[in-house]
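Next come the structures, one after another.
Across the two complexes that follow, chain A remains constant while its partner is chain B and subsequently chain C.
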Partner chain A sequence: MKFLEKMMQIDRRWIYLAIFLAVIIPAIIPFTVPMSVSPEVKKIYDFVEGLGPNDYLFVAMDYDPSSLAELNPMAEAILKHAFLNDRKVVIVTLSQFGPGMVEEITTRLAGEYNRIRGEDYVFLGYRPYPAITIMLMGTDFRVPFPQDYYGVPLDSLPMMRGIKNFNNVKGVIDLTAGNTADMWITYGNARYNFPLAIGITGVMAADYYQYLQSGQIFGIIPGVKGAAEYERLIDKPGQGMQQASYQVVAHSVIILFIILSNVAYFATRGQKSKLGGAR
Partner chain B sequence: MKREIPLMIVTVTGIIMFVQYFIPSNFSEDVFTFLQDWVMIIGILSLPLGIWSLVKANTQKLKVPDERFYSAVLLIGFLVMVVSGWMPDWRSKGIHLALFQNVLIPIQSTIFSLLAFFVASAAYRAFRARSVLATILLLTAFIIMFRLIPTGPFADINNWLVEKILTIPNMAAKRAIAMGLALGAAATAIKIILGIERTYMGRD
Partner chain C sequence: MTIDQILLQGAAVFLTLCIFSFLYKDNPFYKFAERLVAGIATGYWTMLLFHTNFVPVVWNRLAHDHRFIYLIPTFLGLLMWTRFSKNWSWISRYSIAFYIGISSGISIPLALYAGLFRQLEATIRFPVTLDAAGLYSFLIIVGVLAALVYFFFSAAHKGAMGGLSRLGIYVIMIGFGAGFGLTVMGRIALLVQRIIFIRGYITSLLGIGG
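Showing the complex of A and B:
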């Protein structure tokens, strides 16, 4: 009983230590987590897979380095999928810290899959005021982005010659850790009626299932698990699969702590009742 | 006139923006683009004000011994990032990208990753079956968390349960909140356009 009483008053630093070890162990002893694919992720995969040779995919990478661990694996998986299938991708970021990350990912993956900037993909860059930028892009991409991120006029890029606004892209995938998903739904999908899917952090997932059921978005990639599912679908295990193992161990530890906490709570509560103590 | 003119601008612009949304025509698009440009111009004009305020406040703090170090770091970081990212060519190589990838990304990622420790500690203390409602919360959290853990033959049942939780009680609550927020926002917008709500103009 003493152990359980102690558990009720456990110093939080022991919990921190347990979580630290839970995250470190899979890094030392790597293992693969069996991953079942959810329908909302499969729909995005099917959409990208179904794009024709002349179809354009629009990817918005609207996140900061703080959520990079969850959203970078998604971005990489989607871009790898599009590049593998030789599909054209227009990329934008509506996050002020986004350009550096997008630049790093696109340059690396383009090199890996022999994609040429301006012919196979375009990085438009960053503009402030997400809602306004979305609406202006609905009029013409050239209004908010007369030049791409590298200062090249859009009209001089071979890939952008036949493309004006969202009417010319097959669909939009927004990867975000903030409220830009709401803006893409409200000002993008509602106004310009393009198919929209989102990739979001795990904690945001519950907020966006309503839009999935209403048909305003056609798919969701929720957190690291979603990214790992997408990697499994394209058969390119990467950061998502790796991080899924960390997450599994960390979640297992949290679940064990919660069970222990409740056992300790009920055991000590019974004891207090016998002694006439407060609950 | 000091109050009437801004109110008139808000009313006229608000009505134009409201009406143009429902009129799909080239003229409507032009009006929309023109007014959106103005929003950007006004926003951009506020940027120097913010920079001036930041630099001024931190320059003053340089005189305070306890705060000198942090203000100096901020001012140096600010100057280095502005200068190094000034030209488009400089952004994709050199010191700007190196600082972004080797300083800013690790700092932000580290701060965010600390959440895992706080969440674990909070979960340990908060998820206790103290009452019926707390027990429902605990069970729901358990089911959702088990989704991430490979549970063999139970995975399908758990996934089914997660889907039901997300698409029925969760969605009903979220929709109610979203509708409430939207109606509130619409009511506030109407009040601003009609000049009933004037607190945004400050006091004078």
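Showing the complex of A and C:
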């Protein structure tokens, strides 16, 4: 009983230490975990896979370095998929700290897959006020973005000739760590009616599944697990798959702590009632 | 690894450890890293806005393209600076009124459509039939109604209302549980990404690969 009582008063720093030590294990002894694919991730994969050679995919990378751990793996997986299939991609970021990070990812992957900037992909850059920027892009990409991120006028980019607004892209995938998902749903999908999918952080995922059920989005990549699923689908293991083994160990430790704390709570509850303490 | 990589990535490792040190307790290393992030972020964003927004969207359109219609939003933007004066700050309300008026006009119909009507429609879209899809529809309708009843305080939560309210708590708890699990995954992902980064730095530094 004393052990259980101590468990109820454990310093939270011991839990931090336990999680840290647990996360170290896969770093020393790497292992892989089987990954099943959920239908909502498969739908996005099928959408990108089904794009024709002249179809455009619009990817909004609306996140900053604080959430790159979850969203970079899915951004890389989607861009790799599009580049592998030789599809044209228009990229934008509506997060103020996103441009440098997005530029690094797109340049690196374009180099790996021999994609040419301006011909195979375009990075429009960043504009503040996401809702306004989305609506302006619905009119014409050139209104909020007269030039791309590198200062080149859009009309002088071969890929952007003949592409005006969302009517000319097959669909939009928004990767976001904030409320830009709401803005893409409200000001993008609701107003311009283009197919929309989202990749979001784990924290946000439970709040966005209802949009999948209502048909306002056609797919959802929830957190790092969703990214790992996408990597498995394109058979390009990356950061998502790498993180899966760490997640398994860390979650096991957290579940163990939840069970222990519940056992300790119920075992000591009666004793405290007798002493006139908590119920 | 080159000297540049050792120094730059070493600084990133050091700052990561500075932030993690807060888990033990507040300390000067954490404060240093926190303030560094805030300072760099402010400087970065300010210059980014100037070079990628003010120059192409305002300056170039006025000075090079001579599209003087852009003087109106520029003037409204400048009015916001009157907030620094106690006597003249009321003028900034014109800019705010202009912005809020347009935003409300655009946002309210779209938000109602996307956030309310489409969701209401989705709740009752599928018929309740005697198969898996029907059971799913039934669960959605009952779950939504039960969760709403839990927040309906105009009637006592007794009898049928009490039962439905109790069911509503379970529905809400299932939602919170899913949210908690996904939140844990997200937070662990942040830790794991840093651990992988530090591990990569150490192995590269020692030249032991992996």
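Following the convention adopted for this analysis, the second predicted complex is superposed on the first by the 270 of 279 C-alpha atoms of A that agree within 3 Å, B and C clash if a C-alpha of one lies under 4 Å from a C-alpha of the other, contacts with A are read in each partner's own complex, and residues count from 1 in each chain.
Keep this in mind: contacts are C-beta pairs under 8 Å (C-beta built on N, C-alpha and C of every residue); 3 or more make two chains touch, one makes a residue touch a chain.
Nothing here was measured: the structure is a model prediction, and the numbers come from that model.
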{"item": "First, second, both or neither for A:R108, with chain B first and chain C second", "value": "neither"}
{"item": "Touching partner for A:L68 - first (chain B), second (chain C), both, neither", "value": "both"}
{"item": "Partner chain in contact with A:Y150 - chain B first, chain C second, else both or neither", "value": "first"}
{"item": "Which of chain B and chain C A:Q239 touches, first, second, both or neither", "value": "second"}
{"item": "Contacts of A:R161 with chain B and chain C, given as first, second, both or neither", "value": "neither"}
{"item": "Partner chain in contact with A:M135 - chain B first, chain C second, else both or neither", "value": "both"}
{"item": "Touching partner for A:K6 - first (chain B), second (chain C), both, neither", "value": "neither"}
{"item": "First, second, both or neither for A:Y265, with chain B first and chain C second", "value": "first"}
{"item": "Touching partner for A:N189 - first (chain B), second (chain C), both, neither", "value": "second"}
{"item": "Chain C-contacting residues of chain A that also contact chain B", "value": "16, 19-20, 23, 67-69, 97, 99, 128, 135, 147, 149, 151, 191, 205-207, 210, 213, 225, 247, 250-251, 254"}
{"item": "Complex contacts: residues of chain C adjacent to chain A", "value": "23-24, 41, 44-45, 48-49, 52-53, 56-57, 60, 103, 106-107, 110-111, 113-115, 118-119, 121-122, 125, 140, 175, 178-179, 182-196, 199"}
{"item": "Chain A-facing residues of chain B, complex", "value": "21, 29, 32-33, 36, 39-40, 43, 88-89, 91-92, 97, 100-101, 104-105, 107-109, 111-113, 116-117, 119-121, 123-125, 127-130, 138, 141-142, 145-150, 155-156, 159, 166-167, 170-171, 174-175, 178"}
{"item": "Touch list for chain A against partner chain B, complex", "value": "10, 12, 15-16, 18-20, 23, 33-34, 36, 38, 64-69, 97, 99-101, 103-104, 107, 128-129, 132, 135-136, 139, 143, 147, 149-151, 191, 205-207, 209-210, 213, 225, 244, 247-248, 250-255, 257-258, 261-262, 265-266"}
{"item": "For the chain A and chain C complex, residues of the former touching the latter", "value": "13, 16, 19-20, 23-24, 27, 67-70, 96-97, 99, 125-128, 131, 135, 144, 146-147, 149, 151, 182, 185-187, 189-191, 201-203, 205-207, 210, 213-216, 222-225, 239, 242-243, 246-247, 250-251, 254"}
